[in-house]
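Common to both upcoming complexes is subunit A, partnered first by subunit B, then by subunit C.
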Partner chain A sequence: MEVRRRGGLRGTFGLISAYAKLNLSMALEYRVSFASQVIGMFINDGLWLVFWALYFTRFPVVKGWQQQDIFMLWAVLTLGYGVMMGLFGNASRLSFLILQGQLDYYLVLPKDALIHSLLGRMYFTAWGDGLFGLVVFALFGHPTPLRVVVYLAVSLLGGLALISTVIIVNSLTFFLGSTQVLSGQLYNTVIHFATYPMDIFQGVVKVLLYTAIPVFFVSALPVAVLRQPTWPALGLLAASSFALATLAYAMFHRGLRRYESGNLVNLQS
Partner chain B sequence: MLRRAGKYTGVFRITLMNNLAYIQDVALNSIFMLVVIFVFVALWKTTYSVTGEQSLGGFTLQQTIWYLVMTETITMSSPRITTRIDAEVKGGDLAYSLNRPYSYVGFQYASFMGEAAVRFFINLAVGGLVAGLSVGFPAGGALEAAQATASRVTGATGAVGVAGVAGTAHLLAVVSASALTILMAMALYFTSMMALGLLAFWVEDATALFLVYERSMWILGGLLLPLSLFPAAIRRVAEVLPFRFIINGPAQLAVKYAAGDFWRVLAGQATWLAVTVVVLALVYRAGVKRVNINGG
Partner chain C sequence: MMKTPRETGACAMAAIILTDLRKDFLAKEKEPGLLGSMKAAFAPHYRKVEAVRGISFSVDQGEVLAFIGPNGAGKSTTIKMLTGILYPSGGDATVLGLRPWVDRQRLAFQIGSVFGQKSQLWYHLPAADTFDLLARVYELPTAEYRQRRDRMVDLFDIGEFLKTPVRKLSLGQRMRCEIAASLLHRPSVLFLDEPTIGLDVVAKQQIRDLIRAMNREEGVTVFLTSHDAGDIERLCKRVIIINHGQVVMDAGVNTLRHNYLHNKVIDLKLAAPVADDYAFPLAGVTVVKARGYGLKLEVDTAVAPMERVLGLVVEGLRVADIAITDPPVESIIKTIYEQGVPAELREDAAPEAGWTESATGDALC
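Up next is the complex of A and B:
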């Protein structure tokens, strides 16, 4: 089954903005819970930096990486992840939605099924990640107007690469059947690899991190661009992120042809 | 007494069988264990190679990796009960168990252990395989250490028979000490997490508290880094907290066994377990008084 609709770029941004407002207002109905989740995730990320601070206190330079570099890696990764998963919270649940036939909700609505289904849920804790990234950059990133612009650009492009990868691993369910656990594990794998310096990996694994598990474009390249911004490097990052997004979009819609309805056609209240 | 224990053994057995019935899912979940240990191997191989040291914080590369296999196995195998208890308290499911002929806490503990047992062996097998293939298996090291000791004692260079016996005895001591301290660690983890989960009686959302407690336990308990590699000031803080008895203590015993350390860890675990059991009992009693049952 495939139903594809295009609403134009302006329409898509309008939809994202409307969903963001609705989801945020829903979150703010339960302010304590929302704040608790955001603060919890902020502290969670902070404790990872404590680990790296302890590590780099003992080993100040490892393969050219210093404490400052790993802090910037976390600043970039958490902001990209926070914004993307905050807005498109259903990305990591796509496999579940496909398996349960719950894409039906989005197929009957007049917008692109992928974008719409991703927007269906806001991942509240992700805002804690996003906030954490901004604070770490403000404290350790030596912010200047130029660096702030570069930081925001590379974080969002890295986040686009990440969410595209998440869509791809979740779309495997269209082709392989029940891959919910596998998709979840692949998702965790990508995130886990992305939080470590790529230079510690060698051989086949390094090749995989450039290709099948494209961690290089999620964290390593954005951090490299932030460290030394050049137009070609920024262009490469933008091109690879949009290429991954196109691949994710195409894979989802190709998979949608194989989708079987769960007979759940009704309107979401 | 035995009949009472039998109920909980039954719950343990049912949870165990339930998890074994979905063993493929449990095995698939351990893919993450494989990734974590693989990344640690890459990180620590690089670290040892860059520093050029044979031993860091008293650990060889092989000991560090196997230490991390043990710490990750303990934490990844412990079910996240805080969220389950939180949901049961808020959803009212806890009320159903109050008139049943078992203790709610005892039921949860038996169920926790049933789930943890399956996860533990699978995670240990997966993590151990990655570690073994990357840096070698530690049993060989234990045997060599025993052989060296035996050679010194007998003054002979080929004291293989004595070393074999000493190696086996050493291995048995390591396995039994590890098994006992890991069981104690799980109990300590359960009692503290259960008490935290029961805070749902008073707190609207304790997610932040759960995360802070768990992540503090990970960092200060030595999940990612042996305590001997911590800066002195932070190590002193970590040493007065219970977290090291959940993670660092049992893991270090498994890779660097010493009888003195074993008794110290066990004594620390017993003391903290007594404290957390009392806290859990107080929290549970106070919490249950707040339950409102309105029919249904």
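Up next is the complex of A and C:
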């Protein structure tokens, strides 16, 4: 049989589309659960904005941040998180997959094992986040064609920084053994700090948020670019996100050399 | 001195070549109990486990090879190295001319694999959906994919439940779908790791027939691991036995059958109790177990013809139920260890006439 070889972006998008169809079909097998997850996350995010709106009625400015800025922070973060975790939901389970020997299935498939592994599960609660981000930006972001483009770009780049960080920490499992707890804690820390204005943090915490816990690249820098788009700032964001992505890719593939598989009974679910 | 495939001249017609392939793991060890755990936390102790200890052989294109051995022998580790899942610790291997752990993505287009204990089918969806995904993964042109899928559906007789979620299929139905899925992209080599594990007799036979059909009709090279002597007898012409990570025997199945599979096991349920010291009145029949209403006999059919044995059983005992089975592979291996591997069957011995000429490449290069 003649086989086409589609590499690059086209092949990757084809693969994402095929996995998305399958994941959506699976979600629709349990449609009540699917709908409740998406709506539930939408409401959850909405309650946070209600909280912030109430807060800003008492304190209109926090270290230079106003309600509009916080709303944009949430719009950027939730869209980036929603797209990345919505599509690449297995990122936060990589440590588990490595320990349980569940990468076998992805390793015998053509194309990149990391892409297959990430696409293997999509989180539909995250779709609710992504939808929430779009709605918030549409309502409060003063959308113009240029701002829409910048919003989408910074959200996706911030999301790329987030997912890359998650992959890096999970890939440590190849070298250190189980890092499920560590990766879970780091994941929660990043998400937690990313929802607050960076300017409220000082000293050591601020240094950590720029380095070991790269919250700066996940939410603060994207919001800064959206607020005042400049090429250098956008370039810095793109460079840092792609640098993290490259490091994540390299760590995963380097780690595969140490992968030990396993003999547990596994099913694709 | 063991010969490497290259020394024996394996070349163009060999689909798989292993040369001194090795795989070590580090296993953490600790003394039992909390104290042991605390000691291990501060001063962990690792033991090197040699899962595969330098194995060398080749498999010809179109050959069906049984790669067998007891649990922990190194079968699955070898298969995982040959499919690119694991990196070896030493030695070399090529599958269709590609080094699996280096050229994994290219090789994946040309091989199929089924791991009996790991499903590639999406559990909550019908197998048809996984087939569609695999068509995209393997970049199969739509028209050709549909044609191929329809042929697989016919051949494997899975049309009736193709649209049923996998979680609702029987194990036999699922396994037929698994193998069909692994063949959608027309692989040249098929790795099957215990494909009949847990299946009933009918399902096992169906799977064997299908594997044989794919080998015959499409020339697919089959690399099979199994604990089931029936798989080996009915599918393979050549068997390699591995234990403790080393090849201990490489011989034709005819030779194995002649030497070891002439034993049959008869399980009897009796209508009257049997004495614990019961002795069967015919040479070549060993009483394995005699207790209460149960009696288990092992028959060396080369010495005691089965017809004669059954005649004596019916004459001398009140039989309520009877089952005749092959001895499990483990017992064959046990026999091999107890009796030793005959010189002519050792893995570095001259090949058996017929099939192994091509296996070593002498007749083909």
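Everything below uses one rule, namely that the second predicted complex is superposed on the first by the 254 of 269 C-alpha atoms of A that agree within 3 Å, B and C clash if a C-alpha of one lies under 4 Å from a C-alpha of the other, contacts with A are read in each partner's own complex, and residues count from 1 in each chain.
As a convention for this text, a residue touches a chain if its C-beta (ideal position, glycine included) is under 8 Å from a C-beta of that chain, and two chains touch if they have at least 3 such contacts.
Values in this document were obtained by computation on a predicted structure and should not be read as measured data.
In the superposition on chain A, A:Leu107 contacts subunit C only, with no contact to subunit B.
By the touch criterion defined above, A:Ala18 reaches subunit C but does not reach subunit B.
When the shared chain is aligned, subunit B comes close enough to touch A:Thr189, but subunit C does not.
In the overlay built on the shared chain, the residue A:Ile200 is in contact with subunit B alone; subunit C does not reach it. Look at A:Gly235: by the touch rule set out above, it reaches neither subunit B nor subunit C. Touch criterion met: A:Glu260 reaches subunit C, while subunit B stays clear of it. Residue contacts after overlaying the shared chain place A:Pro60 against neither subunit B nor subunit C. Comparing which residues of subunit A touch subunit B with which touch subunit C, the overlap comprises 30. Residue ranges of subunit A in contact with subunit C, taken from their complex: 1-6, 11, 14-15, 17-19, 21-22, 25-26, 29-30, 103-105, 107-113, 116, 256-261, 263-269.
Subunit C contributes residues 25, 76-77, 80, 83-87, 104-106, 108-109, 111, 113, 115, 117-125, 129-130, 132-133, 136-141, 144, 148, 165-166, 185-186 to its touches with subunit A in the complex.
Across the complex, subunit B is touched by residues 30, 32-33, 36-37, 39-41, 43-44, 47, 50-51, 54-55, 57-59, 61-63, 125, 181-182, 185, 188-189, 192-193, 196, 199-202, 205 of subunit A.
Put simply, subunit B touches subunit A in their complex at residues 25, 28-29, 31-32, 35-36, 38-39, 42-43, 45-47, 50-51, 56-57, 204-212, 215-216, 218-219, 224-225, 229-231, 234.
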